[in-house]
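For reference, the structure I am asking about is given below.
Naming follows writing order (A, B and C), and every chain is counted from residue 1.
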Amino acid sequence: MTLLDFLDYASVFIFALTGALVASRAQLDIVGFAFLASLTAVGGGTVRDVVLDRNPVFWIAEPTYIGVAVVAAVLVFFTAHIFESRLKVLTWLDACALSVAVPAGTGVALLFNHHPAVALLMGVATGCLGGLMRDVVCNEVPLVLKQGELYVTAAFAGSGAALVAFQFLPAGMALLICAAVTFTLRAGSLIFGWSLPVYRSRPPRR
Amino acid sequence: MTLLDFLDYASVFIFALTGALVASRAQLDIVGFAFLASLTAVGGGTVRDVVLDRNPVFWIAEPTYIGVAVVAAVLVFFTAHIFESRLKVLTWLDACALSVAVPAGTGVALLFNHHPAVALLMGVATGCLGGLMRDVVCNEVPLVLKQGELYVTAAFAGSGAALVAFQFLPAGMALLICAAVTFTLRAGSLIFGWSLPVYRSRPPRR
Amino acid sequence: MTLLDFLDYASVFIFALTGALVASRAQLDIVGFAFLASLTAVGGGTVRDVVLDRNPVFWIAEPTYIGVAVVAAVLVFFTAHIFESRLKVLTWLDACALSVAVPAGTGVALLFNHHPAVALLMGVATGCLGGLMRDVVCNEVPLVLKQGELYVTAAFAGSGAALVAFQFLPAGMALLICAAVTFTLRAGSLIFGWSLPVYRSRPPRR
C-alpha cells in the first residue's frame, strides 16, 4: 500500500465517521447511516477523479473503500450515544479528515503531473467537497462556510505547503507536511480562534 | 429496445413527473417545470454514467430521453391541479421511479462487469441521487432522509436482491425481482409504516 | 484566443464576481471568497465538460481560469462595500454571466458535433448550474427558481436562438445573437417584469 492509498483509506474512514455522526443527528436508520457515510467519504475523491479523468474512480477500482465507510457507519450507529457532545466530536473528526484528504488530493494531482495550480485546487476540493455534500444534503450550515473559522484556508495553506515542499523533499515527507500544516491551522482555529479578517460591510468611502 | 433501455426510459419519465410536481409546488413557469423535470430525470443516471466512465452519457447518446422528460413536464403543468394532494401523488410516483431506477443502475453496472459491491452502490445511487438533487435544489427535506421511512433501505435491498438473483436467474428476471423488492419495501413503508430502528441518543452506558 | 475561449473567460470572471458577492453576504474571509468565486465560476463549465467527456476539463487544461476567478474574488473583497445594494449588483452581474455562459455551453457542444437537443441543454446547464451551486451551497433561494422571473427561460431561448442562427450565419455571429437574446430576456424580466404564466393550483375541473 502506497502512502497515497493510505491517505485515501484514512480520509474515507474518518469522513465516513463524520457522515455517520451527521446521520445520528438526523436520527436515520442504519442504512441511512451507511448512505450518508459513503457519500461523505467518497464525495470529494470522486469529484477529484472525475475532473482529473482518473479512470476508474478510486472506489470503483477498489470497492474495499465502501466497506471501510460502512464499517465506520456501523461503528457510529452503536457508539455515538457514548459521546457527550456529538457536535464537538464531529468537528474534530472533520478536522482530521480534512487533514488527510488535502494531501490525498494534492498528491494524486501531482502524481499525474498536473500544473501546481491544479494540484492546489484538487487538494482543496478533495478536502472540502465531501463534507460540503454531507452538510448540503442534510441542510446543515456547511462547515466550509462557518464565519470566522479557518477551513478552506487551512486546506489551501496545507496544499500550498505541499507544493513548496515537493521542490525540496521526498514526496512522502511533503505530504506529511501538508497534513501537519492543514491540521495545525484548523485546530488552532478551533482552539485559539485563529482566523483571517472577514468581510464586513463598511460605510462607502465616497 | 432492451430491458435496460426500457428501465431507463421509464425511470426518466416517472422521475420527470416528480420533478415537475415539485416545480408546481414552487409555482414555476413551464420552462422551470422542464428544467427541474430534466434535472431529476437524468441526474441519477448521469452520475452513474460519469462515475462508471460509460461514454457517452445515456441522454447524450440518445436525446429522446430529454424529450420524454419535457413531455412529462408539460403533462404535469396542465394536469397537476386535478389531484387533490400533490404531495401524496409525488411520494408515490417517486416510489415508482425509485423502483425502476434501482434495477437500471444495478443492471448497467453488472453489464459492464463491475464488482457486485459497485453494482449495489450504483443501484442505490441511480435510484436516490436524482430525487436528492431535486429536493436539495428546491430546499425541501430530501425524501432520502425522511426519518422512519424505508427509502435508501428499499433501494439497497432491491439492488442486493438483484445481485443474488443474477446468480441463478436470467438477467431480465433478476431486474424484475429487483424492482419488485424495492417497490414492496418502499410501499410497505408508506402504507404500513415499515421501518428499521432509527438512531436515538441514549443515556451513556458509563 | 478564439471566441469560445473569450466567452469562457468572461463567464468565469463575471460568475466569480457573483460568487464573491454571495461570500460577502455570508461574511467569509478572503480565502472563502476565492473558494466560492471559483466554485461558481467553473461549476457549470465543469459539468458541461465532464458530461460531454471533453478532456481535460477547461480549467485543468488552462489554470489561468482559476487565476481569473481569484482576481475577481480579491476585487470584490476590497470593493463590495462601495455598492449600496449588493443584491442588485449581484442580480445584474448574474444576468451578464448567464448571457455569456449560455453561448459558451451551446458553442462547445456544437463544436463537438452534438445533437442540437444536447447543445440546447448544455447551454442551459452551463449557464444555470454554476449559479445554482453557489446558491445551494450558501443556502440562498436559487435565482434559477425565483418565481415569476425569466431565468432558465432566458437561457433556453438564447440557446435555441443560437441553434437556429447556426443554420444561416457564421458561428461567431450566432453566439453573439445567443448572448443578446439571453440578456434581453433576463434584463426585460428584471426591469419590466416580463414573465411566463406560472403554475397555479386551480380548483379541480371535476
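As a working rule, a residue touches a chain if its C-beta (ideal position, glycine included) is under 8 Å from a C-beta of that chain, and two chains touch if they have at least 3 such contacts.
Chain labels with UniProt names: A, B, C = Trimeric intracellular cation channel family protein.
Source: prediction; values computed, not measured.
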Taking chains as nodes and touches as edges, what kind of graph is this: line, ring, star, complete or other?
complete
Please state whether the interface between chain A and chain C is built from the same residues or different ones, using more than half shared residue numbers as the mark of same.
different
Taking each chain's mean CA coordinate, chain A and chain C are separated, in whole Å, by 28
If you look at chain B, which of its residues touch at least two other chains?
50, 136, 139
Per the touch rule above, chain C residues touching chain B in the complex are 50-53, 114-115, 117-118, 121, 124, 128, 132, 136, 139, 141-142, 144-145, 147-148, 150, 152-153, 156, 195-206
Quick check on the complex: what are the chain A residues that touch chain B?
23-24, 26-36, 38, 46, 50, 55-57, 59-60, 63, 66-67, 77, 80-84, 86, 136-139
